Each structure stands twice: as C-alpha cells, then as structure tokens.
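Following are the structures in question.
Paired with chain B in one complex and with chain C in the other, chain A is shared by the two complexes that follow.
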Partner chain A sequence: MTAIGTPPPPLPVRRKPNGGAQAPADLTSPADLTSPADLTSPTDLTSSAGRPEPAAPVGAVTPAPSPAVPPGLSPMLNRLAAERATGVLLREHGRLYLVDGRIMHAESPETPGLDVLLTMGGLLDTEFWREAVAQAGARRRVGRFLVDSGRVSEGALELCHVGALFDAAYFVLGPSSAPARFRYGAVHWLGPVRPVPVAALERETLRRRALLHRIWPDPATDSAPLVRADAPAEPPVPARQGAVLGQVNGARTAADISRALGRPAFHTLVDLRRLAAAGLVRTAPAAAPPQTSPRRPSIAHGPDGLDGPDGPDASVSALLTEPSADPDVSLLRRLRDALEAL
Partner chain B sequence: MANTETALKEALASIEGATGAALVDYTSGMALGTIGGSKSFDLNVAAAGNTDVVRAKLRTMEHLGLKGEIEDILITLSDQYHLIRLLTGRGGNGLFLYLVLDLKRSNLAMARHQLKKIEAELEV
Partner chain C sequence: MPGIDECLLEAMRLPGALGAAVVDWTSGLALGTVGDAPGGDHETTAAEAAELARLAAEHRAFAPDEEEGTGWDGQDPPVEDLIVSNRDTYHLLRFVRTTFDSSVFLHLWLTRTDGNLALARIRLGEMAGRLVLG
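Here is the complex of A and B:
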C-alpha cells in the first residue's frame, strides 16, 4: 500500500509570544482535556498567504504537483505528525483525529459523514447505524462492530471511510481564518479503520485543489447557491453530473447537494466545476436570499468521543464552524483565496 | 470479505503477469489503494490519468446515446496491457480497478476473469 517511509523532518520552531509551539509532555494525558493549556498557539493560522516561513517539505516521495502550490498546508499538523501526537485538531472547517501522528478520521460540516455515505449508498440502514453507535460508541469500536456484524464488509467500510476521510480533510485543510487548536488524548468513537499518514493527506489535498483549478479556475460554485444557466442547446451530461444538475434550484449550495445525493462533497465540487465550465451552472444572482441551511449536520451523530453538541466545547466549535455573516469579511476571504490560487 | 489491501495483493498474486494494481475513485482521481508499481511507474499518477480515460469514454457514450454500462477498458501497449474494470456493486459507484500486465507473461482472458472474481470479493 502507499506507505510514506520518511517521517517529516523537525520543523523550524517559530518563537511565539506565548511559547505555544512545543506542547509539554504532561499534556498527552486525557485527564488534561479541559485544561486551558491544551490550547496550542492561537496564532497558528494555516492560510499560507505571504507566509515567509519555509514549511516542512511534504511527501518527499513525489514532486509537488504544481509550482504554485504552497509548501505546507498546516505547519501545526506537520508538527503533530512529527511528535506522533494523539488527539483532535480543531480547525475552522472541521476536525482531524490523530493517533500516533497519523490521521484516523476527519469530519467537516461541509461534507456528508461516513453514516450518510454508508446509508445512502445502500450498504447499511440508518437503524443499524444507530444501533452500532449505541452499542460500540462508548468503546470507540464502531467500525469493528459494523464489520463483525457481517452487515458491511471490511473492504467496503475501508473504502467508504477513506473516501469520507479525504473528503472532509480537503475542507478542514482549506483556507481558514480562525485559529487551530489541538486537544491531546481525544479519540474518535469510530475506532481504527485505516490510518493515513499526514504527508499522504497533504499531498492528496493539494492534488485535489490543483484538479479543481484545472477544470474551472473560478471557485465561486464551491460555496454559493447555484442556478442552472440557460444554455441554448444543452449538451448531454453524464449520469452522475446529471444528478447534480437536477439538484440545482437557485437555493442549494454544493454542500446541500452532496448531502441530498449522499455523495462526497469534493465529488460534487468536481461535477459542479465541470458543469460551470460547460456553461450549464452558475452562481445565483446576489439578489437571491442568502443560504439559510444549518451547516452542522453530520458531526453531531452519535457520542462524540470528547464533547457532544452540548459539551463544554460546543459554543467554541460552533463559533469555529460558523460562516461569517459579514459580507465584507467573506468578500475579502474570497479575494484572498482567489489571489492565493493564482 | 476481503479488505482493500488483501484484494489488491490477491490481484497481483493470482493474475499471471500482473505487475501493479490500483483501486481508483474516478471522480477525484485518487488511488484508494495501490500495490506493485515501481520508481519508473507511479501508480498514483497512472490512477489520476486514467480517470480521464474513463470519463472520456463515459461522455462519448452519453453523446452517442448508448445505454450500456462499461464493463472494462483494455489498453494495449507494445509490452504491457492496462486493464480498467469499473466496479458496479452497491457502494462501488464511481470506482475502478486498474491492472498493469506484462504482455509476454499474461493471459488476457484469464486476467479479465480473475479481476471479475476479485471485484466480487471486495463486495463494494
């Protein structure tokens, strides 16, 4: 399989005012979860615009896919991989769960969770998923439970899981304007399925960005409500894109369409950019009502492993995942993202 | 009831002349698992590139109004066969198996048959 042999070299430690770059060893105990000291440096933003710091080389195995690619997606993540950390990385667009410095699971409010992919794909019914979470969630062995029950084959679970993981991670590692935090010791209730090295995840995320850019360089269709464009003679579209096109109604965004179809969100972005390139889809005019859909669907399923929606962290994570309501801020973010993509 | 790794290992072990195999998601172009390959033959690159082959064929069929499904695609080089098999199972929507064969050592009919069997075992 695709194992990455070389661990990333130690990062140049940036001196920060609060000295948060190196976490003290005693924080690895789960008992320290609520200690305020487990917040790693709040200055660790990950958008790499104008960042002078030469981040660690990502994946020495293959060359970077394009010269315009930023050197590292998240210096913090590389550091956690190097120190073989276990816990959860909380970022603006979701979470990455690490065990021994490898990614075990990823969740993002932008993407359908593993439960949606499994149930909508017809592999599992919702009832049984709930039962599995209820029975094995506390032991953090839901994945194992599903396989042992004989309802899902190990291969199918792995494929669905790795698909969901890379899908969520694409959004988690996307441009962000909020500080990232890491909580040592937190473990996801799904349990181990197939861990992914950080270098492989970063490489794939960068490849996906480049892929989208190559199809259609305008990222507007990724997040805005969409309408069908009036093409004089609509060329036939492949069935999978046709299903996406059928969901476009002037209000739904890419994330809404993914959930409705039970497909990975990145796949929807790809299909939408192809449809935009073909002139079949464009963003809804500004006069359309802003999106009102609640954007925190799949994360709240089942016992969360650390804190549910009502846990002590709920307000913070709600704050972290909430899209900004200020139009100026979102405009500036889009502008920054567009400049970074150049 | 194999996992991805065993299924790919089995493909390499049981198919005469096989030198590499990958399980690929053709919307994202990501290889969900690879086995074999070499320094000069990066299966991840092959996976991403061959998604364009699959997509082009699907689009052409759409233009022609053909309703059939693609079972597999064969590409014959002077010294290799590349075999692409689209997975049709319940959850396998949008995946394909990619197999590289040494032309001189392989039996194409047998390889296609084995690939079908491996797909069934993956149960995706």
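Here is the complex of A and C:
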C-alpha cells in the first residue's frame, strides 16, 4: 500500500504482533528460517541468505538452475506453506501475507491496492477508508469493520479482495533479482477475508503468464511507457479496452493506467496485450539511441521522429519502420516484432 | 449479507444444479467454486467460460440499442446473461454489476432433466444483485 499514489493509510502492520513465542524480527540467518530438517536443501537457504531466489528444484544438491522449472515461482513459498507458517514474505515486487500457510493478502507497487480499487468506483470514500484503518487496523480487522459498517457487502469485499490478491501475487511471484525474506509473525491489518492456498496461487500465476503470452508474446507493453500506434483504420475497441486506450499518452505505463482507472493491473496487462496485438498500442520510442550501423547508407527519406533499427539491409529496414498507410506493411511490421519477441 | 460461498451454495439449491462458480472474465480466474465442473476441473472450466463471457461482453452485436448513444460508461457489461445448452446440461452465465471496477460473472451448471432454465435465470439474477449489494 505504501507505494501507491493515493494518500497511504497508516500502516499498523509495522507494529509488532501481539507478543507470541515467534520473534517478529527480520530473518537474516538461514538457520532462523528453516527447521533443522530443512537444512539439507541448499537451494532454499540461498533465498534467505542474500542471493536471488533460485528457480532450481527444491532439494537439489547442486544449485544448478534448470530452465525446465517454471521460472520465478518461489520454492521458499512452498516450504512456508508446508510448515503452515504465519508472516509476510517480502520479495522484490511486493509482499505475500500468510496465515497458517495460506495466503491472506498480497500487495505490490505494480498494482492498485484494495483502497484504490474500492474508492475509485465510489463504493467508499477515502475518508471512510482512513477511518476504518484507524479504528480497526490495530486489531487487524479492517475487512470486518468495512462489512460491519454496512458500507461494503461481504460479497463485494470478497470479490474485490480475492481479485486484488491474485493480481498482486502475479507481480510478487514474477521474476525477481533480489533476495526474498520472510518475517515470521507479521499479520496484515486487513484481517482475514478469503484465504487462498499457495498451490492454487502458483497454478493461477503460471496460467496468467501463459494467457498473456498467448494473446501477444511481446511483454514490452507490461512495463514501458506507451503510445497509441497510428493505425490506418482504427477498428472498434471494446469498452474496457477503450478505457485503457484512452489513458495511453506516451508517458503512462500499465501500472499508471491501472491506478488511473482503479483497475487490477493484470486486467490492464491483458487489455494492453490485446491492443498491441491489434496494432493500436506500442511502447513509446524511448530516448534509446538508434543502433547506428557503420555501414548505414544515407537514406534521405528516413522517417521523421522514428528511430528505426537500421540493419545491414537498410532499405528493407526503412520500409518496415516507416509509418505506412498500407495495412500490409504495418501487419508485417507487427509480425516481425512478434517473431523477435518469441 | 452473503459472501461468495453463501451465494454459490444458494445457487446449488436450484433444481438440477450440478456446480457453480464466480469467475473473472478478463483473467479467467475462478474466485469461488462449489459442486462439480465439466471434466471435474473448475479452473479449466472457469478459463473457458471466461472466454465465452468476454466475447459476449465485448462484441457490439450483443449490446442493447441505447448503447449507440452516450450515457453508457462502459463499466457495466452490456449483456445480462448467457445460456448454453447441450444434450444433457445447461450452462447459465450471469454478469455481476459491481460498484468497483470488475469483470465478474456467476456460472451455474445444471441438468436438463431437473433444471428449470427460466427459474434459474431469475434466481441467478437476484443472487448476482445480493452478492454485491448485500
């Protein structure tokens, strides 16, 4: 919640959990994290010892990363589920809160939090959200408070929260280059809404990756600033995709658009891939330097303002990068981009 | 005020009900399931039903007339429900309108021998309303 554009609510999560046997301190030593029985698994230990969490099979003696294993999903998370751990898993792109080994809550700076989702549509005002967090945050019963207030039905809270949980988890479980940590005992201030088993979360995350890949294999639109592509004849766009397209302005990224619309970011990624596949959206031509080849012949009719990649055969390249009214050329160009992205 | 599970259990009390789910049609996620699913796989069923729901929600051909003008903000799906029938079962998909941004529908699977499509359609519409409004 902290990294989200709207005024952040107080974060009672930082308070220590009510004194229990489990120490809430950050774990810096692998021995804290694992029971002795787990120490035979060297790949697990590396995740808490300051190295990137590997995608290597759990229990492998030599930590040779195997490309056959789904990349990015967390062996550490599986183990925490098996030991029915309670606490928060901190990864590069967000956090997963576990209670008894099940996911209670997820948050990521890549996607709007529950506060944004509930307030943007007008279901709640920001004022009331703050009040709820202030009154029930310390007891970690904000969700219950919202329902008991009569402002949010249980069904609406569950729909919104479960959607947001899977949405944030998609980003949290994304490829990561930073170490993951687990802080035992930490409980989110929202309180229980509708817990999700770790296995279901991982299956869904993998399914979502495959879904995006199937729509359009190039992940560039997931994170880069976006511009509207000049389509010769813009086909009609479905309403929800149209809302996303309306936010594309050359500067906003998928995460910005999601916040502006109060919409789970994975939904935005799906719509952007569809728009990219339709040739309506592409990444903004960044200040990236053109790959100037020494053999580059001078082409007088080079397109203005477009940094096309000039390969050895610059005339073909120029044709392909030139904004063209001919739909065949733009189709070829998109086909080329897609093939390169495979 | 029913939650997802209460809503699905209520749907299962309809005559002929085999299974029910709440599904997000943008992602294909099953937010909640109860009973059986075709092939025994709720997650695959949800993803496939989501594709069907998305097409119905996105294509203009299925939208009401007044959508041509202004006044429709695109937040709500233009379609209320979808009915698919085969030799032995019905599938009923009911779009859920929410006050926050979402793309959710209820999916009820029922037998043709015991199911009453007209009744199921009315009741599922009521459940969709109560699920969100309480």
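For the reader, a short list of remarks on this structure follows.
Simple rule for what comes next: the second predicted complex is superposed on the first by the 216 of 342 C-alpha atoms of A that agree within 3 Å, B and C clash if a C-alpha of one lies under 4 Å from a C-alpha of the other, contacts with A are read in each partner's own complex, and residues count from 1 in each chain.
Here, a residue touches a chain if its C-beta (ideal position, glycine included) is under 8 Å from a C-beta of that chain, and two chains touch if they have at least 3 such contacts.
Owing to the predicted nature of the structure, the values given are computational and were not obtained by experimental measurement.
Partners chain B and chain C, brought together by superposition on chain A, clash. After overlaying the two complexes on the shared chain, residue contacts for A:Glu340 are found with neither chain B nor chain C. Legend: residue contacts after superposition of the two complexes on their common chain; A:Ala243 is shown touching chain C, with no touch to chain B.
In the superposed model, A:Gly262 lies in contact with chain C only, and not with chain B. Legend: residue contacts after superposition of the two complexes on their common chain; A:Arg208 is shown touching both chain B and chain C. Applying the stated contact rule after C-alpha superposition, one finds that A:Cys160 touches each of chain B and chain C. Overlap of the chain B and chain C interfaces on chain A: residues 117-118, 121-123, 153-156, 158-160, 162-163, 166, 194, 204, 207-208, 211, 236, 238-240, 264, 266-267, 270-271. Note for the complex: chain A touches chain C at residues 117-118, 120-123, 147, 150, 153-156, 158-160, 162-163, 166-167, 194, 203-204, 207-208, 211, 236, 238-243, 261-264, 266-267, 270-271. Residues of chain C that touch chain A in their complex: 1-4, 7, 22, 24, 26-29, 31-32, 43, 47, 57-60, 72, 74-75, 78, 96, 98-104, 130-134. The residues of chain A lying in touch with chain B in their complex are 1-2, 62, 117-118, 121-123, 153-156, 158-160, 162-163, 166, 194, 204, 207-208, 211, 235-240, 264, 266-267, 270-271.
Within the complex formed with chain A, the chain B residues making contact are 1-5, 7-8, 23, 25, 27-35, 42, 44-45, 48, 55, 58-59, 62-63, 65, 89-95, 121-124.
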